């Protein structure tokens, strides 16, 4: 609750080998800084236009597989309105999903850890079939 | 416009009794801090995976009821792709809506108040039929 | 990586003349501050309930036109569930799109510039047919 003079730390991490789908990366994020501040906020940006980041249920893997099934149906491949089709059937849907789910989240830090709810985890959302390495910028204010 | 040495304040509020739907909570947020800084940003995180937060029209209640009607149709209950069904028909749709609408927003503070547009208000989005108490973390940088 | 005492700068810009659709405004944002810090974050809020902001592909204009085609189909005009219809056929869909795409983004600043991926640009999303002037608040922490 008390005010402090604040500080900033920034780092970049690379995720690799994630296949198309929704993946829990809470522990990857927690390991990105060796020390966490007592109070602060963390901003995460996914530096790609066909991947996203969100917060959702961290326990039952069926939630993550249902995300894939439902969002793939909501934003289908080969929709007749698409004209941007040269980079593959999964490309334009991936761009749309990235903006519907989002590429950037901001999470509070409290008592030296990410202040997420009990059931909340951080999802990395890979929307391409073969997305390759993905870079995330993490900026910590405290 | 001038730079300052910045400070941080953080608090948590609990919302209770909100039924499924979209609810204006701008005044609850404004009351969460007794003093607001001249210049800053406020981050709000909803600590749940079946509720969300967004900014939208603060005047006509029909906007909020149309949000419920339309988003309930966009992300229906009992979609055949769902496998995560043990926690109720409203559970998996609530997870999906939480990530489509979002669980975290960041709002500027200017001249000692939230710097929203004339018609903007903060919506708390309850996606469960009986969501119970909901906790929000508010972090203020200034 | 080093910690500093942080500072804050805030300004407001006005966009005008953008027609309904998705528009690259990365250079407008870059020009909004004459000097950028070595390390920081930038928060942008669109102060309207029928326009949005997101990050997506900055090269091929067909991505932006496919955004318009697809999102217009996802959130159609004249949906029978709408009751908020007095402000025009494009009004209620615009409110819904604003909350699905989002009105606020936060982007890291690194080495004196916005730290976006190679293919990432900032999209201003005008959801009304005649949106008029649009105001954005930019808050820079460093």
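Order of writing sets the chain letters: A, B and C. Residues in each chain are counted from 1.
We adopt the following convention: a contact is a pair of C-beta atoms (placed from the backbone, for glycine too) under 8 Å apart; a residue touches a chain by one contact, two chains touch by 3 or more.
Small disclaimer: the values here were computed from a predicted structure and weren't measured.
At the place where copies subunit B and subunit C touch, is the share of residue numbers found on both sides over half (same) or under half (different)?
Different: fewer than half of the residue numbers at the subunit B-subunit C interface appear in both copies.
Expressed in ° and rounded to a multiple of 5, what is the rotation angle of the C-alpha superposition of subunit A on subunit B?
The two chains, subunit A and subunit B, differ by a rotation of 120 degrees.
Please work out the Cα centroid separation of subunit B and subunit C, and write it as a whole number of Å.
Result: the chain centres lie 19 Å from each other.
Counting only residues that touch at least two other chains, what does the list for subunit A look like?
Each of 5-6, 74, 100, 102, 106, 141 in subunit A touches at least two other chains.
Write out the stretch or stretches of subunit C touching subunit A in their complex.
1-6, 39-41, 54-57, 60, 62-63, 65-67, 69-71, 73-74, 100-102, 105-108, 110, 115-117, 119-120, 123, 141-142
Which of the residues in subunit B end up touching subunit A in this complex?
5-11, 43, 45, 47-49, 74-75, 79, 81-84, 92, 95-96, 98-100, 102-104, 106, 135, 137, 139, 141
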